[in-house]
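Following this line, the structures themselves.
Shared chain: chain A. Partners: chain B in the first complex, chain C in the second.
Let's look at the complex of A and B:
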């Protein structure tokens, strides 16, 4: 097992290097000159000194390493080659600079990441807490009226885009009924602490959470139902029932365990996605999360932030795949990795 | 027991009745002495020095800065003009020294205090000018240009500490003098071209900062008689400093201090009591030490909360009372919705509006292609019904202007009755006439243009002179239409020895953009343009690509050959300072300042010389005519406006001539100047904004009706 994990980690390192290079090349090739963009804001300051303006532009290009070729710049970004005589890349803990926010890239990401994880964790637990029992219920009562009703409901939920659900929920719950705030993350001007702060935050998070949960119900419920239906039709289940086991034991100990194998991929995937924000939800509800910062960085051509984010997601994705493979082994001993 | 119950019931009923009677009296609704401002622009925390010397500061950050920074020697008033701050300045003088420099001497009132109670002194004003004129600040990401207008800037900036010898560097900043605890002077340099200058006295506008904020620990501002300077601790090198790349310890201090809102005092009407980076919200509390702004105005609202809102639901937040002020609402749909909400609120919401100091525009490239000809630009202006365009785009909440001005400018108000501007009323006949007068009378074979012809002959052609064909490195000889979606490619043709250019304009617009869409339907694809014998070819892309084409910057995706003659974008002014010097210069080193690449032939005949005698408008015009020019050129007018004018009357005379000439040349077509609406809770009184006076300024004058302090 240890060997297997080490081998996989080795592969991951290679994939990370290749992907980082590809991403760096792609963003470097986009026609945009950060030095020019920065110096343009100084244009008026240099109005009486156009030569100084040009000189500043050239200095900035040098400082940013833009005069170097793409390979040197890549190695500089990684931190294995010097830029302007200094090693200042990822390996040295320099994760780049956000020119939109005028501060180090990692500082820009801290607060949005906290917010995103906070809301996604709640949404994931809520969604799993509803969909798994509902999927099992539908599979067990397959063909019943309640199953049909849930199936119809999940198809509708699955088909409606999240922004439509969000807008409808805002209109109904926040504007018509006035139960929840329209947007924001806390009562403006409040300086609550402790539980009061938590409840205030939850009041503002409730509507986005409801929307996120509603939107994810359909897919997972149907997935669990399908997987469970297949498991319930297995010979071992018939045998278990023939042995006179209680129905609960049959369903939760035997069928559910067999149904888990495909579901575990999805569930772990969900937990890995707690790091990525939803552009739609964050925009509509005014949340300061990863989705918003990602899209703002892309449109603002703040590529060092984008690269850092993408590298983070690459690593999370690769680790997630490893985690899923290991989890398979725990769920199904037949595919446990011993070497 | 039963009796007791009856008495208790009676008492309760009596109490209830008493309560009801009490309620029948005049009920005065009490409001917390607090205002919540909503803005769709995100706060970044860059409140101390937004943009850090550049011009890319966020609007919200600037609002917080205005609310927390005060005591500048000069401040902008409601009309955007710089005025001396009567609360701060005890005395000031502006005199020319023997070298022709302008010496601005300022004495401040004693007793002014920062929010921590420490006194504001002359050193607090000079610390910023000195520190942000050194390479220490450049290392921290600042421009390091704060003192560039003053005598001795270059040699002071070159100084990097006593431990490093730099030729010509001086420790002292000769043009910045500390003359006492409350007195200092700033000498505006003639040699560096900052004086004479119409707005030269605004270089005397300096703001005080706490010394520990700007300089950190261990640095002093001194003056031994040769100019103010910072003690050598300012220039102490950092551990990673090398001979090739100098780095400084204080650069790190500046980087950290820039975002610190808790450690250092404030000078403005408010102090920051909380900054929540997670929710992007700032809470400001009144600064009891603040002595007032330039009019002596102190704030009355004790708490100001500034929050980020979502544009799609901002009005609902205002209606629900989550926020109190919604500023800068514009555009037909949003304005109408806001005004409808105000009407439906039965007096709970109020509004304040003003015309934006700026406009949306079509901008032309004037050095190549058909748009290099004045008459083509005029024809396009005639072919666009600007009143209808403005009405459609702004929903009726906007106006058309006929030049680069705001109707709120003092100079406009001074000349508006005498200025003569062509309003270019929508007219196909006028468009055809100016085109024909300019020689757009041929087809692609060099024969007479026939209206209604098809293919490449659907447009007019002009026979180019040798000079016109050679313009812009000969690009006109190969001028070609792009985005040929109908399969017809128009290009300059050579007939015999002559070049004939087609009347086809390549237009680049950003997308998604409502203005781009509207130009498409109301101009580019209109029947009038076709009837005039013109084609406008549309290409869309992102804003950086547009900038790349305008700047002709290959790193922004510019292909190396000028292609587009027309763009749509917007422009505006933050203050009443109106300075377009160098924007019309034919000197290649100022090329980056020229939005239109228009080089006026009148300037070629009678160019402006900044070192020559400063003529009055009448004398300059006479001299230009004597030199064979029809009029003064755009470069001359724009330069003389700020470098020749000494009085307001002289300035206005130049300004009027500049606007008139601009209007005749139409390097841009102003499309719409929209109204901005501020909708706010009517509990707020005395809330007045203007194009140059935003919500941060208005809050200082505003009060809350029946205000009570929160417990």
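Let's look at the complex of A and C:
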């Protein structure tokens, strides 16, 4: 197992390097000159001195290393090659600079990251709590009327895009019933503390959470049902029934354990993919999460933050794959033995 | 000779068709022995098709999806999207079809029918006013809704009535002036919040009365109103800054000369005609220039007053953006954006010119109707039977509709009936945009999925069939592509495209390719796995032992077995790609407005005001997108079921 993990880690490192280069190339392709933008703000100071203005621009370009070739810039960004004689890159803890917020990029991301993780964890547990029992129920009562109805519902559920679900939920919960606010993070101007703050925040989070849970119900229920169906058709289940075990034991002890293998991968994969998936939800509801920062940075031309977030998404994705592989090994002894 | 040549060709086509519909499409071509009579067993694909259509849900989905395809691909041919089109007067109109529903009591004679927006106000000969059409308001106040005629107006015997863009003014037989509708910009009363910036309604009209027998004309424009008296005096008020910036100047002229004969409002100007036949612009230079053809056929620009010269103007009419002048020698001069007036038949005389919001109508002395101007909503499509002589004697053009009368009896109406799906904030027809947007969304989805399928199948087949280091290399490439975070990466790429100065079509095409390039990895893995599994099966070994060539094994034995997997995956990916496009457009990174797609139509509906008040703006694109995706998913799921031999055994 250890050897296997090591092999996977090594492989992951290679892919990360390749992808980071790809991301960096895309980043340099953006037709946006940071030095030009910086120097534009100084235009008034150089009003009567166009030569000095040009000189300052050249200086800035040199300072930012924009004149170097792309390989040197890439290594400089990673931190393994010097730019202007200084090692200043990811490895040295310099993650770039946010020009919108005028702060180091990583500082900008701390608060949104907390929010995103909170929403995602909450939505995952909520969705799992509903879909697992529902999926098992459908698999056990396969072909019944209730199963068919749920199946039809799940097709609709995973076909409808999240922004339509969001519009419908806003319309129903916020406008028709008027119980939740439409968007935002907290009551404007409020300064609550303790439990009051938490409840206020939950009131604002409720609608996004409902939308996220609803939109993941369809796909997850189908997945759980499919893996449970597969598990129920195994020979060991027939044996278990033949030797007279109670149906509950057969389902929850024998079949469920076997069905768990694909579900574990789903849960991990889903949880990690949600980091990029919540781009949509955070933008619709104006939640201060990483997805909102991402879109705002894109539209605000704050590309160093974009680059950092891209790398974050890449690493999260790769880590997810690794975790899935390892989890497979833990859940299914056969895989462990084979490796 | 010819016949001999044709016969086998036709047979071949027939055979192909038969194979397409009755199976064996993907199987081995069996040549001559394949006839309907001696086929005792159904081929697997024929069986699959049979089983597919035995499921009512899947059959319905196929029918709905096909009609959706027809709707979005054939519809735009009849009703193409006009990207520069907008109609401010019809912004946010709810779905309705009663904009041309003339009330019965107006059918045997109308005193006036006026419209400046989406609703029309009519005054019948009994002195009752009627409002029809649509008016949208978010205000809770009753008097703001022009559709609700105040009780006192209903009770009074109205002599004059006119509709503005969001208000109505009426004068009864005692000379009392009534107003209802929006009042914020001093359309009537002194209660408006923005009244300081506008010209107030004269106090004597607000509290007292005027001599109704002395009233010559009552006319309303874009938030402005004017009452012209027979003695030449003029009352005018309203939001002059938007509705008529030259109102003060015109009022001053009226006071000095007291010789006005007729008033006309465009959406942003007030124009008048004096009893000496002069055209009064009040200093507005908007319509000073007239484009005419000189003797060589080239266009040249002349000053309108030089052009008129000593001739007299006998009639004036104004649409929202154009003014028409009728001279005493029967020339029709069109100023502004409207097209040139039609050429009348020899010997015909013009009786009257009347103006809608975007078009003009002209009736001649022998009762023929001509129309010109902007007829995008059908205003200028005069019915065939009215273009003959003697068909009508009056045509009232109001807003976007025309009502024709003959001897005081209503004959026919033409123009805009309404909007089936309503309009958006720019006054564009949502039905048209849903249709054209669907074409864009589906095209992008289809191209992206085709690109993804081609790459996926090629990579998967090569990888699975050759194995070894080729497989190793290709799978690593696949994994790297698979590890790219899809949505963020697509967003970055399209924002790069946005910043570059590509033209919109190229940009959309590149977006399609990018979507395809980012979504082939799943299919490649699937195909590779399937090919690997098939390669080891007994029938391949058997074929090998019989000396069948490698190529034949790959394409005739293995590929048909993989195609079912590809088919299912393509169907489901099509739905995913459509959704991705919608997501990108929704976030503002896909297809840009004004080009419609289902995604960017929903983009305008993100705030609660729109969700609450203008439900038609999000409901229709949402329904169409959802239904299409649901149908595709149902078809894909059913295909997977029927193509998988195991599933039949299970049931």
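Following the convention adopted for this analysis, the second predicted complex is superposed on the first by the 327 of 339 C-alpha atoms of A that agree within 3 Å, B and C clash if a C-alpha of one lies under 4 Å from a C-alpha of the other, contacts with A are read in each partner's own complex, and residues count from 1 in each chain.
Throughout what follows, contacts are C-beta pairs under 8 Å (C-beta built on N, C-alpha and C of every residue); 3 or more make two chains touch, one makes a residue touch a chain.
From a predicted model like this one, the values you see are computed outputs, not experimental measurements.
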- Task: Using the overlay on chain A, decide if chain B and chain C clash or can fit next to each other.
- Result: clash
- Message: According to the stated criteria, A:43 is in contact with first (chain B), second (chain C), both, or neither; which is it?
- Response: first
- With the two complexes superposed on chain A, say which partner A:31 touches: chain B (first), chain C (second), both, or neither. both
- Examine A:103 and indicate which partner it touches, taking first as chain B and second as chain C; both and neither are also allowed. first
- Query: Of the two partner chains, chain B (first) and chain C (second), which one does A:87 touch, if any: first, second, both, or neither?
  - Reply: neither
- Query: Once the shared chain is lined up, is A:4 touching chain B (first), chain C (second), both, or neither of them?
  - Reply: neither
- Query: Counting only touches as set out at the top, which of chain B and chain C does A:161 meet: first, second, both, neither?
  - Reply: second
- Task: Once the structures are superposed on A, label A:178 by its partner contacts, choosing first (chain B), second (chain C), both or neither.
- Result: first
- Name the contact category of A:170: first (chain B only), second (chain C only), both, or neither. both
- Give one of first, second, both or neither to describe whether A:288 is in contact with chain B, with chain C, with both, or with none. first
- Report, in rising order, the residues of chain A that make contact with chain B in one complex and with chain C in the other. 31-32, 170, 174-175, 182-183, 283-284
- Considering the complex alone, what residue numbers of chain A touch chain B? 31-33, 36, 38, 41-51, 53-54, 84-86, 101-103, 111, 114-115, 170, 174-175, 178, 181-186, 188-189, 191, 283-286, 288, 301
- chain C residues touching chain A in their complex are 57, 479-480, 483-489, 491-493, 495-496, 499-500, 575, 579, 582-583, 586-589, 602, 605-608, 611-612, 615, 618, 622, 625-626, 629-630, 632-634, 637, 650-651
- Item | Contacting residues of chain B [partner chain A, same complex] | 34, 36, 42, 44, 46, 51-56, 141, 143, 145, 148, 192-194, 240, 242, 244-245, 259, 274, 276-281, 283, 303, 305, 307-310, 312-313, 316-317, 320, 322-323, 544-545, 548, 551, 553-557, 581-582, 589-590, 592-593
- Name, in rising order, each residue of chain A that touches chain C in their complex. 15, 18-19, 22, 26, 29-32, 143, 152, 155-156, 158-161, 163-164, 167-168, 170-171, 174-175, 182-183, 233, 276-277, 279-280, 283-284, 294-295, 298-299, 306, 309-310, 313-314, 316-318, 321
